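Below, subunit A partners subunit B and then partners subunit C, in two separate complexes.
Right, the complex of A and B next:
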């Protein structure tokens, strides 16, 4: 540690106490990740880990961490390590620890001591108040470590002694018969204790004071960001693991095994995405639903993007900014937050009678197009407003007309933003179930030979409008609807599909893949347009 | 600045000038600068030009003649209406919805503010370079060829290429000519396809001048073209302006009085309230101005 004579500019970052604090922070991070994994049932808490039950390992680690954190605080207070604590840990910390200890006090009195009624609340309040006082009144090193370390130690001891073991259940005695199981409670408690103790340890690592607070904030932010990303990955991985067996059911490789595409037989056969459902299939598939979803999205985008971009051009470039544009803005924002079932009802009551009276692909496309329209409008408008006026001035000063300026300068500069809007919108509409339920879907299972073929469906007729496409006017199915029908209605539980659960997960996975590939296309397009605008 | 303030200011100046004036009663006689005689013929004539932004009186009865193939500098403190005046000459103020313009501006004797003026033609003949460099986020080549392509003078579109009528060669010539005229060719000749935003600030501004030249203007308006640039880039722009004035009529707004003295043949001094206080040969304005207020401004006592 730097002596008093040395400059404070460089303090000994590599000293032993700092190394211990860093180890404590790392331990807290590991605990955080472990509890997340346990929460998502990647780890089972009753399983043994190196011969010891996971819950005991958790308890031991928590106790160790708690003791370490308290030691840091006391060590700093008695001057064993050189730190720069503030006078108090601050109001926010006091409130947080007050609430934490209120909960701890309440739980202990009611669950362990069995005290009910008002006395329970009194004890809880008293505990909370004491914790707040301990946080706020003493110097920062004591205030921010003692309450955190104590609660961690308490939780650790509870797990370690088996007071709360894998078989522990807290019957909440609500009418719904809800109960807190150890499977849920232990990871959540561990998670919170890891956060609190990790924060305190990070502060100790920074030597308290301003630098310590910075370290504490870093830890919380990184854990937060990390957990968000990991939740996303867990979600995708979860679906993938469950879906892949069903997806690859009956897959064959080899020349000539696959279906013929453009007169060329694919060398691979994946029945799940290449077949529909029929009595004679060895393996059932969802090809009609995939085609339906893709055509739905394509149709909705073709409908909404020109309209939305056109309206955005009018609103930003031509309309005087005033009451009218404000009303349009409020209306579009409102439309974007309108529940999708309302759009579905609109399609059902307005579009269906006008397109042949039955559910049809076209009605579904238009309904989803109406849903997509407000978002495309909002994002395109934002993107065009963000185009610097200097470009418009420069173009006008060259004598170029307004429309040509818009076409050649404003729209190209706004395109990445427009594409971002379309990406967001497609993600939403591709997964919509309610509107297509009312406007587009026929049976749950559509046979493979009824897969919608919009391009091949165009035919010439002798009467106006001379072009007809019966494919557009036929009911078909889409992935989200099929998933919904499979799960709620239990369709396919009979002899059609050999393993319904596998089939459902595989459908979910395919839906996820379809949406992600639309994302990929959108992100590629945005990258392309942005590269044209940027240098390097 | 409201009209009242400007009147008070004029009054104050008038009282100060009692005894030293040469028989004038009102210093800013409206037609005083209109009749100023230059050797060269008048390119732009401005008479009684008033501009209001809402209730704000930005230009107060300005009259002046701008001779052709010369550099005319507009100087004055911030907010005195120099840029507003400049933007009236090619009707860029039409794009400001709150602006109201009274008075007359003539280009080669033809009224600019009248019914049926072809704005495309006007702005082709009266080009403009802005304060901060504003190239389009396109390649250097596209920046130059943008104007002529939009006007249909050059067509390199897909259809033209299919029909074998592409003006590819004409475009290359134009790009090279404009870049050479703007003294930028040597620096960018080998990277015409790079994005213009990758150029330095000074290069970007010269590209903007080249872009302005691409539609063969007669007049070039420059709104503080060097204010965002370092001294070396500024020197290059100044050399370029001197070069350009051989062929074009240049009107330049500047805050930098040394710059005005260096590059311009005529100087117009605008002072607060949107009035044109004095206009004449640059040498005379800087060495022996008629107005005390102009002298105060130039010597740094005012503004």
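Right, the complex of A and C next:
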């Protein structure tokens, strides 16, 4: 947007002082990464790094960073560095630094001086107020660097002098005992200081003022976006890394090794996804859970998609916009945000007595269908509203009846949106545990021969309701529940499978793969349809 | 005053009745007959289903046959009737949920009544004392420890999800170059797709032992880390709703600001965010709703003992939330204890429904303020 207005004259102007600020940002980035590594015990803070303990190195770097930030701010204030600061650092910064220094003041009084109660609160409030004033009152270059630099310097000196060393522990003296240890406190404090000082340094790099603020804010926002993506990546990679050994346990390739499907033997055998649990298996697996999940999804889709799409048609095409559509909208949005466990309770109270009095696959299907319904309705409605009115008018002008128009113009045009919404919704319900907990699932391990076979289960009987399917009315299992059962089973698991941890992680991986493949298909479909629409 | 209102209401009703009778007169009589049969059969089938009768299949098959006949011969009207029935069905489900969980929880509300100033208030004792004991007398079903747990988890989760979510929404809607956005946006969606039990599993096997070690607590399970995990799970909701709100701010407002020579960030901070403020707060509110209703991660990671932490702000210990209470105890619960679980469900349902309606109201007001036609 405004990037177009930026001239080379401004952006190409990198003086020596700018280089110092850039170096400070880089230093903060290094500290940020190091503190994360220390937090997750990739590096240990008491280990030596180049002959000096890591905690001392952290302290030294923090002090350096703090001094650099303060020097830059003071330099700018006395006019040694050319910047364009605003009159004040602003209210948000004042509040943030007030809170930070309130905590610092409180921690120092209670830890070093050993004062509690009213005096503690007084000192903490006083430091917080002073920090707020220092931030808000002087010019921006002092206001945004001094509090950040000072807190960084203070933390650095504490680590450097050994006041807070690797053996430091703060007993919180709660009735339920808890303490802050150095392994936690030092990385977390370093992390916060790196963020604060990095922000101040980025502002300094931009020369304060409007441009400096943009720099500071963008640094934090980009960092946040990057962290979210890396958390996602780490979660998936970690599960895959831990789950693959269990998943591929006993895998064989070669003609005729796999189970027979439709009279044809698969050329690969992965016991984990092709067997249930039984005494005679060399390798145990989760086939019944996979089959259960598939049937659950099929049942929920068969129930929710016609209902949701039909209701969306009525709301967009037939109903006049008014009180009624508003009520339906509020109701669907309310249904959408209803907690999944409440759906489970409802299924328990409403469906179970009506389907034979016990937990059953059918109750699970309908409960998940209830959950899927609002999502299908909302997305279908959006897709139908997005169909231009010209389409409907053109069809009506040809003398086509209203229903014919809906069937052959509106629904096909809205289909991409509906399909995408359904797939994403299915991804969501396939991973749900809470609703099926109360309505469908039984034991921890289900033997392979009890894999549900709904199609083969239908039979006719002489008493009402005349059609029966024992497969549908039996408690079975599904992947998310299987994982939950594996977690809660704890120690007793070892009797059934040789390596419980491997089995758990492999189950988690299979569940993740099933759910994420729905998402991948859904997101892929959206791209495909959007590109197609763009060409048209 | 009231008289004119009644008159206006009566006018509206007569108008609708007239419109309906006109509509009926326009239709083919056989088509009308078919639709009436369908409606009647469906109502009877529904009544039969409600009264747990296996004979409900009979009217339902009549409905199916009638619908099939109608579809072949009078498709327009049949389709209209079917779609209407589906719409009613959706509302009916919400009503049924409300009725059924309320009805199931009545006994425990009656059991836990206390007298205040000589008037017996049902259910009050659930909130005035903090004892949950389903085994040894006096048997007490207090909701206070669970409400405390839910509040703790929700506060921490909101502290995580709100700032990170709003900042990510700003990134997606205002800052990110197109290519980067195409990479981050599906990432956020997939984050929403990871099943909660997988989060719970990772939390249980990795995070909880680590936290117990770091904070030297007795045993595992802390509100702090459940809150962080739940915050991560509520994050995608906040991001997507806040992003919608931010991008619904008219481009002309932003361009006007940029034309004054402001930086991107100044425009965001003083134009876009204030204009979208109500939408962004609705996003946070929906995130809070998600956090309150999150079940599996809390169930797996918490201790599952319905008690208050000591002291109340001790977030390094995690006992039980409203959701985890239900998931932990449904197995062995029966009678009054099961009803108490339904009471927890009622509290959850009402809270989250109120949040949902509130955020819809906020969004509606914002749309009206920005004058958008959408």
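Methods note: the second predicted complex is superposed on the first by the 405 of 536 C-alpha atoms of A that agree within 3 Å, B and C clash if a C-alpha of one lies under 4 Å from a C-alpha of the other, contacts with A are read in each partner's own complex, and residues count from 1 in each chain.
Quick note on the criterion: a residue touches a chain if its C-beta (ideal position, glycine included) is under 8 Å from a C-beta of that chain, and two chains touch if they have at least 3 such contacts.
Since we're looking at a predicted model, the values are computed, not measured.
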*Once the structures are superposed on A, label A:358 by its partner contacts, choosing first (subunit B), second (subunit C), both or neither.*
neither
*In the superposed arrangement, which partner chain does A:523 touch: subunit B (first), subunit C (second), both, or neither?*
second
_Applying the document's definition of touch, where does A:413 land relative to subunit B and subunit C: first, second, both, or neither?_
first
*For A:318, decide between first (touching subunit B), second (touching subunit C), both and neither.*
second
_More subunit A residues in contact - subunit B or subunit C_ = C
*For A:401, decide between first (touching subunit B), second (touching subunit C), both and neither.*
both
*Between subunit B (first) and subunit C (second), which, if any, makes contact with A:393: first, second, both or neither?*
first
*asked:* Residues of subunit A that sit at the subunit B interface in one complex and at the subunit C interface in the other, please.
replied: 401, 404
*asked:* Taking the touch rule as given, give the residues of subunit A at its contact with subunit B in the complex, in rising order.
replied: 320, 388, 390-401, 404, 408-409, 412-413, 532-536
_Residue numbers of subunit B touching subunit A in their complex, please._
90, 92, 95, 97, 119-124, 127-128, 130, 132, 134-138, 146-147, 150-151, 194-198, 208, 211-212, 214-215
*What residues of subunit C sit close enough to touch subunit A in their complex?*
49, 52, 54-58, 75-76, 79-80, 82-87, 89-91, 93-94, 96-97, 100-101, 103-104, 164, 167-168, 170-172, 174-176, 180, 183-184, 186-198, 200-202, 204-205, 210, 214-218, 232, 235, 254, 258, 261-267, 269, 286, 289-290, 292-296, 299-300, 309-311, 314, 316-317, 323, 326-327, 330, 341-342, 345, 348-349, 352-353, 355-357, 360
*Taking the complex as given, what residues does subunit A use to touch subunit C?*
1-3, 5, 41, 169, 172, 174-181, 183-184, 210-211, 213-214, 217-218, 220-222, 224-225, 227-229, 231-232, 235-236, 238-239, 306-308, 310-311, 313-315, 318-319, 327-346, 348-350, 353-354, 370, 373-374, 377, 401-404, 406-407, 424, 427-428, 430-434, 437-438, 463-467, 480, 483-484, 487-488, 504, 508, 511-512, 515-516, 518-519, 523
